[in-house]
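Both complexes below contain chain A, partnered by chain B and then by chain C.
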Partner chain A sequence: MDTSPHLARAGWMSLLAQADPAELAAAMDGFAPPADAAWLRPAQTGLYMLRGRIGGSGAPFNLGEVTVTRCSVQAGGHIGHAWVRGSDPRHAELAALADAMLQDAQRHDALQAQLLAPLAAALDAKRDSASRKAAASKVEFFTVVRGE
Partner chain B sequence: MLAAFADPVFDSQRTFRELLQAMARPAAPRPLPVLPPAPAPVAPAAMAILLTLCDATTSVWLQQPSDEAVRHLRFHAGLRLADEPQAADFALISEPAAMPPLQRFGAGDLRYPDRSASLIVQVDGFRSGAEADRLRFAGPGLREPVALAIDGLPADFWQQRAALSARLPLGIDLFFVAAQQVLALPRTTRLLET
Partner chain C sequence: MYVAVKGGEQAIARSLALLAEARRGDPALAEIELAQIREQLRLGVARVMQEGSLYDEELAALAIRQAAGDMLEAIFLLRAYRTTLPRFGYTEPLDTDAMRVRRRVSGTFKDIPGGQVLGPTYDYTQRLLDVEAGAAEPVTPAEAALPARMPRVLDLLDAEALIERAEAGGDAEPFDLTREPLSFPADRATRLQNLARGDEGFLLGMAYSTQRGYAESHPFAGEIRMGEVDVWVCPEELGFAIEIGSIVLTECQMINQFHGGNGVPPQFTRGYGLSMGEGERKAMSMALVDRALRCDELAEPNEAPAQNQEFVLSHSDSVEASGFVQHLKLPHYVDFQAELSLLRTLNARHAAQARGEIAAADAGEAS
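Here is the complex of A and B:
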């Protein structure tokens, strides 16, 4: 686990964005948002251009556009941001609220245990199951001679 | 930090429409439809104009760049800040009494007169009517000369502007804001000799 605060925050923001919206909503039920929560930027959906280095030369290439919903909230003296793939405004709002609350030292440990840990476990299980399904469908062509 | 327009798309479109109308009918105060929250020293009406007209492709010079105002504008408008008035596409004058001379702002060049600065000036108020201390303006968009006084400008402001108006089509476009009102003076509006 990296101890740098920026990387830790990047880690949980990434986890919140990748979490299943229904699981995130269920996990956030137990945490009331601070009373002074105010939306700095209400959830808005737009398109981002994804760029990658696809060609052999490594030059940037426009891979395609992705739908992104972003949201920012100020709660309890902290500002939480969220960028979430897809067009679910509630997902972005919950992720932004969770980001703001996770920066609060008093709430951090409880959220870490009851929100981030289950979401990380669910994400790992999903990845594991996907890679198992892919591995199970792997075909070995015994009749084809490779690499000669 | 504060929020910006509650409904960014429609609020900025409504504000844009009013600014267009203000430029087409110069020297007439018009109320702005939406006033977003704004940190000091930016007035809400000036903030509405900045959020409507400025984005990552425009550079803005702030006369009083307070930390909070800079953070607010960077977050909500994504704009670039200019270090020098000369380099700015837009300038926010929050204390007109101490403003730099108009000659220090970009007036465009002869091939591209549109590459000039637009100033947003926070003044104390507007007074129209035919009293003795009023200035008279004429030009495109005005059927007959209009009498108007703008409070809170430096004493030699109108001399500076007259010097600029000799350089048409180069020049500077002005938005004045006071409370909820906005009033535009494009470069083509002439100040008449009294």
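Here is the complex of A and C:
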């Protein structure tokens, strides 16, 4: 495991949020939630104000909002949180449950191998495909020299 | 002035039913699914999100369907909906430098590190209506993916100090127009928030006016990039930042001539535009208007409409504008009756005066 628990947790929370909700649901099917799982904060959709930067790197400004669904669950002695973009409550619930279960040393490795690794691979494959398709439209412009 | 009237409940109920029927169209045809709108009308979805000031493709698709494709009505629906949701907080500033680029072009440099990537654009279409549009040919991906980070084109000029720098400064908390009303003079962050929510048509017209000479701006499209950007938040409960997903953004960096002034040497200055989804026309318009509105800061003459903050920022919002224009349809009966009776009085006085003048003239002739 990562030596920095925060970093590792931020990593998997980010991955769970970035995952396709249907893929996450399918992958979570194989893991029964702890019997004592209790929702501390049922899935709730709200807003974050997106911040941009003037000129891309300057002072911040408010661009507009984005829907975010958050959820917290207590399961197996751990508290799992989720913040996911969009208004899909199931996505947030599954991400929160997975976060709680991933903090459990007993379950962590199995989840890492069967949940996180496939989700990360799927996300990488999707991004790589989109990037290579965009790269197919890369151009070389030639300046036409005016005839003498 | 609008005065409340009573009655018409039944007529209103039937009007709503008629609207629902008209919106649905021929019931023999299948209703459009939200996923179809999201996937096949993505540019409309992007506009509704941007001007509705809420990034959510599903809600924007729903708004478009409910508004029967009237984008301004859909924008209004989304703006109204957002007021029902709690505000969790502010995201970390979006890092467009780390954008997973899908399109990136420059009008100023032919050879840019990372290359020019056309992506999905209408720029090179013939604009011929394709009545027999078939299934799209699948794109064969390139061997190699694009670089993970594309350097900013404007940074190329940075090295020579020929372009003004965009300094992060102290990261002061920017003004938030969803919390406090607009007041003047508005700083650049406030102006950008206003322009980001502003009507594309209005900003396009304003931007066009700057090119036609109503504010000397001599712009070049330094860089336009579109792609996915990760959204980071740092919730109090966690105490560390996490990604919550990614969004598509279009960013435009305009470069403008500047002859120097206000203690600043001659250099290129910048105008900035950022838009949700694929919104290139909007981002470019925003960047041109942003630059025009910087006239006071750069000690340029402030004489064109696009340079006038009060004019631009007060009239950019389509929800406000359409509300005020369209409220004229509401009953103004009492107002109008008052105007009518005033006009009758004036008219009668005018007639009486005319009769008096004629009588006086007659009397003059008689004497």
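Methods note: the second predicted complex is superposed on the first by the 139 of 148 C-alpha atoms of A that agree within 3 Å, B and C clash if a C-alpha of one lies under 4 Å from a C-alpha of the other, contacts with A are read in each partner's own complex, and residues count from 1 in each chain.
One rule holds in what follows: contacts are C-beta pairs under 8 Å (C-beta built on N, C-alpha and C of every residue); 3 or more make two chains touch, one makes a residue touch a chain.
Only a predicted model underlies this, so the values are computations on that prediction, with no experimental measurement involved.
Asker: Chain B versus chain C on the shared chain A, clash or fit?
Answerer: fit
Asker: With both complexes overlaid on chain A, does A:P42 touch chain B (first), chain C (second), both or neither?
Answerer: A:P42 contacts chain B only, not chain C.
Asker: Is A:V66 touching the first partner chain B, the second partner chain C, both, or neither of them?
Answerer: second
Asker: Is A:S87 touching anything from chain B or chain C once the two structures are fitted on A? First, second, both or neither.
Answerer: Only chain C; A:S87 stays clear of chain B.
Asker: Name the chain, either chain B or chain C, that contacts more residues of chain A.
Answerer: Result: the larger residue contact count on chain A belongs to C.
Asker: Is A:R51 touching the first partner chain B, the second partner chain C, both, or neither of them?
Answerer: It touches chain C, and chain B stays clear.
Asker: Treating the CA centre of chain A as the corner point, state the angle out to chain B and chain C, nearest 10°.
Answerer: It is 80 degrees after superposition, to the nearest 10.
Asker: Between chain B (first) and chain C (second), which, if any, makes contact with A:V139: first, second, both or neither?
Answerer: Only chain C; A:V139 stays clear of chain B.
Asker: Would you sort A:Q74 into first (chain B), second (chain C), both or neither based on which partner it touches?
Answerer: first
Asker: Once the two structures sit on chain A together, report how near the CA atoms of chain B get to those of chain C, whole Å.
Answerer: Least C-alpha distance after superposition: 7 Å.
Asker: Just to be sure I follow: which residues of chain A are touched by chain B in one complex and then by chain C in the other one?
Answerer: Of chain A, residues 44, 72 contact chain B in one complex and chain C in the other.
Asker: Once bound in the complex, which stretches of chain B touch chain A?
Answerer: 1-4, 6, 8, 75-76
Asker: Sort out for me which residues of chain C touch chain A in the complex.
Answerer: 49-50, 53-56, 58-59, 82, 85-94, 96-97, 100-103, 110-111, 115-119, 139-146, 152, 154, 166-169, 171-172, 174-178, 188-190, 192-193, 196-197, 227-228, 230-231, 233, 235, 237-247, 251, 253, 270, 272, 274, 276
Asker: Please give the residue numbers of chain A that touch chain C in the complex, ascending.
Answerer: For chain A paired with chain C, touching residues are 6, 9-10, 13-14, 17-18, 44-68, 70, 72, 81, 83-87, 127-141, 143.
Asker: Which of the residues in chain A come into contact with chain B in the complex?
Answerer: Touch residues, chain A against chain B: 38-42, 44, 72, 74, 79.
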